[in-house]
Amino acid sequence: MAEDFILETAGLVKEFRGFVAVNGVDLKVRRGHIHALIGPNGAGKTTCFNLLTKFLEPTRGEIRFNGIDITREAPEKIARRGIVRSFQISAVFPHLSVLENVRIALQRTLGTSFHFWKSERSLDALNDRAMELLTSVGLETHADMVTVEMPYGRKRALEIATTLALDPELMLLDEPTQGMGHEDVHRVMELIRKVSANRTILMVEHNMKVVAGISDTLTVLARGSVLAEGPYAEVAANPLVIEAYMGTEASDDHPSGPLPGEGGDQGSLLSNSGGGR
Amino acid sequence: MSATEFLRVSDLHAFYGESHVLHGMDFTVRRGECISLLGRNGAGRTTTLRAILGLTGRRTGSIMLNGREVINMPPHRIAQLGVGYCPEERGIYASLSCEENLLLPPQVGSGGLGLDEIYEMFPNLEERRNSQGTRLSGGEQQMLAMARILRTGARLLLLDEVSEGLAPVIVQKLGEIVRKLKQRDYTIILVEQNFRFAAPLADRMFIVEHGQVVEQIAQNEIKEKQHLLQEYLGV
Amino acid sequence: MSRRVTIAYLVGLGLLLLAPMFIYPILVMKVLCFALFACAFNLLLGYTGLLSFGHAVFLGTAAYVTGHALKVWQLPTLLGLLAGTIAAAALGWAIGSLAIRRQGIYFAMVTLALAQMVFFFFLQAPFTGGEDGLQGVPRGSLFGLDLAEDINLYYLVVAIFAGAFWLIQRTIHSPFGQILKAIRENEPRAISLGYDVAKYKLLAFVLSAGLAGLAGATKTLVFKFATLTDAHWHTSGEVVLMTLLGGMGTVFGPVVGATVIVTLQNELADKVGSLVTVIMGAIFVICVLAFRRGIVGESLALYKRMIGQKP
Amino acid sequence: QAGKISGDVVKIAVLTDMSGVYSALGGKGSVIGAEMAIEDFKAQFKPKFKIELVSADHQNKADVGSNKAREWYDTQGVDMITDVLNSGVAIAVAKVTTEKNKIMLNTGAASTRLTNEDCAPNNVVHYVYDTYALANGPGKAVTKQGKDSWFFLTADYAFGHSLEKDTTEAVKANGGKVLGAVRHPLNASDFSSFLLQAQASKAKVVGLANAGGDTINSIKAANEFGLTKNQTVVGLLTTIVDIHALGLPTTQGMMFTEGFYWNLNKETREFSRRFFSRHKGMPNMLPAGTYSAVLHYLKAVQAAGTDDTAAVMKQMKATPINDAFAKGGKIREDGRMVHDMYLVEVKKPADSKEPWDYYNVKQVIPGDEAFQPMSLSRCPAVAKK
Amino acid sequence: MTEIFGVPIQALFGQLMLGLVNGSFYAVLSLGLAVIFGMLNIINFAHGALYMAGAMLAWMGLEYLGIGYWWMLVLAPIAVGLIGIVIERLMLRWLYKLDHLYGLLLTFGLALMIEGLFRDLYGVAGQPYSIPEEFSGAFNLGFMFLPKYRAWVVVASLTVCLFTWYMIEKTRLGAYLRAATENPQLTQAFGINVPLMVMLTYGFGVGLAGFAGVLAAPASQVGPLMGSNLIIIVFAVVVIGGMGSILGSVVTGLGLGIIEGMTKVFWPEASSTVVFMIMAVVLMIRPAGLFGREK
C-alpha cells in the first residue's frame, strides 16, 4: 500500500531572526526506505534534522510520526518514540568500553536507571544483546576496548550500534561518511544497507556515490524548500538539480571522469570575481 | 611559474605528547606551485600542516620557509611570514559573526582579496554575514574558513580537506578558485581525501603513509601511476 | 565493589576498631566525619564531574538541625542524626535543582553563592545562636550505652562511616552510576539516547548532600556543638582540597586526603598559627599544578607503571 | 586524689585572640601577664611543683576554642585555663571545663551569662569585668547629664547582646529611653551604613555595644559622617588601648568604665612599667586581671597543696585578693570576682602630661555596686541552695 | 518633608549613596572577573585576595614608604598587575589545556595563600587608612551628608569601567580577545601573539581588582578578610549578569549595589542575602544570566 508513510511534515518552517532556513517543507518518508536528503550548502538539511528531533522548535508547520502529531514534544520523548539521530560529529562515550557504550543505550529499557542501591552486575543481563548489536556492525572483537582508542571509522560504526540499541523505527543520519577514507566509506555504506533491513532511514549525504548506491528515494532541498523528489536516476537527471547542486560532474562516478571546472558557466563566475584587479 | 623553492620540509618529526606521528617528512614546494598530500585516514597529513605552523607538540627536523628556518619559531611568528591555514575542523569562531570571522585574521602580506571579491566567490557568506559563525551550515562554515585566509595576503596556503562536506557545485567552484590563486602565484598545499578534486589541481602529489612521503606523482604521470593510487588509496 | 577494594575496606575497618587504643579518639572521630564528608563530595565531583563549591552548607545544616533536635526537641540520638541528614538532603534538592541549570564553572559559583545565602541565614536565625554557635548538645545514649563516653560514641561513628562508605561505593557501581558516567562523558549523546539528564544530576546531588549531612550530624554528636564554621565557605574549600589531595574519582582518595588535612591542621594549628591557611593554599596550588591525580591516584599510576615495566 | 599534684606540674593555659579584633585587648598582653604572675609567684614562694604555661589562639571561634580546651584537658593535662576573651568562646569553654571538672579563670569575656544562665560556680570564675559593670557607669552618668535617648550599635553575638541589654536597663533605671539598636557582624569592615541608621534615629547618645577593632572603626566612621556633631558616641567596652589607637583628639571627653588604670597608685605604676618594658604598651584591665588571676590561683594551689579542682576552688573563694590589680577583691559563690571599677573620662590633649596619661578617674565604683548583686542572680546552681 | 515611606529621607539617601558606592566596587570587580574569564576561561578566585592586596599595598606604601594615596592609586594596581603576570607565567599557563575547573581551584589556593600571608603579618583586625585630605569631610546637601570621598569612589570606578568597556567591545583588540578565548591555537596560527595577550589580560584584570582595593582602603578598614567576604557576592553578581557582556557586568554591579542599599532601609535582615535571592530568581527565569550569551 503506497500510503504507508512513517514520517510526514506539512508546511514545516524554521526562521532564524528573519532568515528563513526551512521554508514550507512537505516531506514524506515511506516506511522501510532509505531516504536521502541532499541539497546545496545551507539548504536547510541539518536544520530539518534538528526540527524532526526537536533540537530546534519549528516556527510553523507540523510533524507527524506514524500519524501522531509530535510537533510539540521534547527531544528525549521523541527518542523514546523511536526516532533516533546520529550526529554530524561522532558521538560516543570515549572513556567507557565499547560494550558499555551500547549497554548505556540498552539500559533504559530495564527501567532501573535510578536504582543507586542495585549492583551493576544487574546489567550483565544486557551483555548478550549488546554483543549481538556489536556483531551486527562488526565490532564484536573490540567489545572490551576503550572507545577513544578506536579509529574514526569504527567509532562511527559503534555510534550506529548504539543507535540501533534503541531499536528505532526511524534513524536519522547526518553525513554518516563525512571525513572518511574510501575503505571506511564502503564499510559504512554496507552497514547502513544492512541495518536498513526492518527500519526506515533518513540521511543527509554529500557523497554522491553513497547516495546513488543505497538510497531508494531522495529529496533535494534548495534555499529551504523542496526542489525535487524521487529515485536517484530521475532526480540526478533533473536539470534544476544539476544546476543547483550536482554540477556537471555528478552524472557519473568514475574517479577519472571529466574534471571539474570544464562546465560552461564557471568561467564567467570567476572572471567577474577576478575583475577586481 | 618561477622555479624558486618556497618551502622545504626535511626530516620532519612531530609528536603529540607521547605518540610519534611524523617520521621524517621530506618534500619541497616551489613558489606558485600547488601540491597535494594524499593518504589514508591517520596517515599524518593534517599533522604535517600543523607541524609546519608549529601547532603540534614537540617537533624536530628542518622547515625552510622562503629561505628562513622556522622550526623554532612560535606559530604567530611563522604565520606572519605569510602562511595561511584552513584547518580540517574549520575552526569557525562561535563568538564572532560571519563577517567578524572573515575580518579577524590580520594582514600578513600584500595582495589579499578584497571583501567584495570574496562575497562574489561565496554568495552564501554575504547573505549570512551577520549571523553567528557557528550558526552557519556545515558547508558555509567550510567556505568561510577558506575565504578567511584569502583576505590576509598570505602567499602560502595550507588547505586541509577544503572540499569536505561541500555540495558538488561548490566543490567545482572551489576548484576554480584554487586555479585562480595559482595564476596569482600563490603557493598551495592541498590535503585531500577527495582525489577527484585534488588530481586536476595539483602539479605534484605526495602520498603519505605512517608519517612519511612514500610516493611522488607529477601531474602528467597520473595515468601511468594509476596502480600506485589503487594500492595506497583504494581509488 | 571489586575484590581489591573490598579487602582494603575490611583492613581499614579493622584498623579503625583498634585505633582508639593508640590515638586520641576525638581526633579519629573528627577525621572520620571529614572523610565521610569528602567521600560524599567525591561522589559528586569525581563521578559526575560537578564541582560544588558550597558543600559545607549541607554539613552545617545537618549539624544545626541535629543539634537542635537533640538539645531542644530532645529526640533520641539516632532520630537526631536522621533529622539532620534528611534536612541536608532536602536543602540539597532545593539548591541542586537551581544549580544544575548551569554547567562547569558557573555551577561552582552558583553553589558557592547559594551556600553563602544559607550561611547568612544561619548567622541571623535565632536557633543557631549566631556567632556563638549552638552549644552544649547532649549526645544521648544508644541501646543503653551512654554516648557521653567517648569510646562508646567512637564505635557508633565507625559504624556510621563504614555504612555510608559502603553505600557510596555501591552507588558508584550501580546502574545509576553507569548513567552518571555516561552523562559526564558526553551529555548531548546521553540526551539523544532518551535520558533526562537533569533528573540524574539532581539525584546525584541530593545523595551527596544527604551524605555530607550525615557527616555533619555525626560531627555535632562528637563535639556537642554546631557553629558557623561548619557552614562557612572555607570548609567548602577544605573538602575540595581533601578530595583533590587524596585523588578525586578514586575510592579511598577522599579518606586519605581528609586524614592528611585534618591531622595536619591539628599539628600545625599552634605551631604556625595563621600560616596554616598559607600551607593549605600551597598544597592546593601544588596539587593542581603537579599532582592532579592526588596521593591515591598518583600511587596507583606509579604501581601500574612498575608492573607494566616488568617483562 | 587530694594532696597530690597531677604529674607534679601545674599546667596553666592562656586561650585568647592572638590575631583578631580583640588581640589588642588581651592576646599577647595576657600571656605576658600570666608569665609575670608565674615569675612573681616562684620568686616569692619557691614552690616544689613545676609550673608550665601554654597558650593558643582561638580565632574568636567557639568551636576552635572548645576543641582546644577539650584537647588540653584530655591530652595535655592542663589544670586551668585563663583569659578566654570573647563571650561566645568563653561559654563554650566553660561547658567543656565543667564537663572535665577543671578550672577556668575568665579574665577576658564580658557576658554576664557566665555567672547567670550559664554559671558553673564550681569550675568557672568570672574575674575582671562583665557587661553589667561596664553598663552601669556610663548608663548612669551619661543619662544623668540629660543625654537620655539612646541608640545602640551592637556586635551581633552574646557579648554585644548582653552589653546592650544591661545598658538598656541602666538607662531606663535612670529615666532615659532607648530608641532602637542595629546589629552588626563581628569585625565588620564598613560601619557607615550602620551609623546612618543611628544618625537617622535622632537619638542623643549612640552607644557602641562592641569592642576592640569594631569600636575603633565605629568611632572613625562616626567622625566621617559628621555624626559626632550633634550626637554623643559612647564606647561601652573601651580600654586604654583603644584610646591610644584613636588618639586623644578624637576621643577626648569620652566616658566609660575600666577595671584597671595603670596610673592609680605606686603599685599599679610599678607593675605597669614592668609590663610596659615587655609589651611596649601599658596594660589594660585584661592583662592586669590575668596577672592577678594566675597569681591567685597559684597561691591557692600552694596553700591547698594540690591542684585538685574542688580544693583549689574552695581555697580561692576563701582568700581575699590583694595585688596590683585588685584591693580586697573576693570571689562570690556564683563565681563572680568582685572588685572596684573606675568610671573614667578621657583627658583633653592639653591636659595629658605624659604618654599614656589619658584618664581622669571620675569615680571609683565599689565592687558591691559595680557588679550585679547576688539578689538578682539568675544562676540556678546558686539559687538552688 | 523629612520622610519617605516612613523612612527618614536622610537614611534613605544615605543608604542609596552607600549602595552606589558598593555597587561601583561590585562593578569594577565583576568587570575584572569578566575580562579574565573572557580570555582565560578561568574564574579568578584570587580576585578578592588581590583586591585586598591592593588595599594593603596602599596602606603599606603609606606606613613604610610614606607614599600617599594618589601615588598608590597608580602604583598599587600596577604592582598587583605585575603579581598577576607572574602568577600567569608561573602557574595558570600550565592549566589552559585542562578542565577550566582547575583554574578555579588553583586561584582558590592562591587566594588562601595571599590572605593567610597578610593575616599572619597583620592579623585579621583592620588597619586604619585615612581619607586623603582633598576629600575629607562631606557635602552637606541639607537632606543628607554626602562624604566627598564616597562620591569620588563612584566617579573613579565608573570612568575605569567605561574605558575598559570601550577597549574591549569597540576596538579590534576585542575581536582578537574573543577569538583567542575560543580557539587560542588557531588564533595564534593567524599570526596573533596569543600568549602575550593572555598574560596582559590577566595582568589588567587583576590590576582592576588592585585599583578597587586602593579605592576601598580609606572607605572601609584595610584588613586581610576584606576581599574574601566581597568576592562571593561578586560571583553572584557575575552569575546574575552573565559573563557574556562587559557592560552587562557593570550595570548589574551597580544595580545590585543600589538594591542592596535599599534593602538595608526597608528590610535590614535581608540585606546580606538579597543579592543571592535575586540570583536564585534569575537562575530560574533566565539561567544564562541577564546579559549572558551562552551556547
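To keep things simple, chains are lettered A, B, C, D and E as they appear, and every chain counts its residues starting from 1.
Definition applied: a residue touches a chain if its C-beta (ideal position, glycine included) is under 8 Å from a C-beta of that chain, and two chains touch if they have at least 3 such contacts.
By chain, with names taken from UniProt: A, B = ABC transporter; C = Inner-membrane translocator; E = ABC-type transporter, permease component.
On a predicted model such as this, the values are computed, not experimentally measured, just so you know.
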Path length in steps (a step moves to a chain that is touched) from chain A to chain E: 2
Chains in simultaneous contact with chain A and chain C: none
Centroid spacing, where centroids are CA-atom means, of chain A and chain D in whole angstrom: 80
Centroid spacing, where centroids are CA-atom means, of chain C and chain E in whole angstrom: 32
Chain D and chain E, separation of their C-alpha mean positions in angstrom: 39
Rounded Å distance between chain B and chain C, as computed from the means of their C-alpha atoms: 53
Sequence positions of chain E contacting 2 or more other chains: 119-120, 123
Where chain C touches two or more other chains, by residue: 123, 273-274
Touching two or more other chains - residues of chain A: none
Inter-chain touch pairs (all): A-B, A-C, B-E, C-D, C-E, D-E
Complex interface listing, chain C residues touching chain D: 24, 26, 123, 130-133, 135-136, 223-225, 227, 229-230, 269-270, 273-274
Of all residues in chain E, those that touch chain D in their complex: 7-8, 10-11, 14-15, 18, 119-120, 123-126, 128, 131, 138, 140, 145, 147, 149, 219-221, 223, 225-226, 229, 261, 264, 268
Residue ranges of chain B touching chain E (in the complex, touch as defined): 53, 55, 74-76, 79-80, 85, 87, 91, 93-96, 100, 103-106, 108, 152
Of chain A, residues touching chain B in the complex: 16-17, 19, 38-43, 45-47, 88, 151-153, 175, 178-184, 206, 208, 243-250, 255-257, 259-261, 263, 266, 269-270, 272-274, 276
Interface residues, chain C side, partner chain A - complex: 167, 170-171, 173-179, 181-182, 185-186, 188-196, 199-200, 203, 207
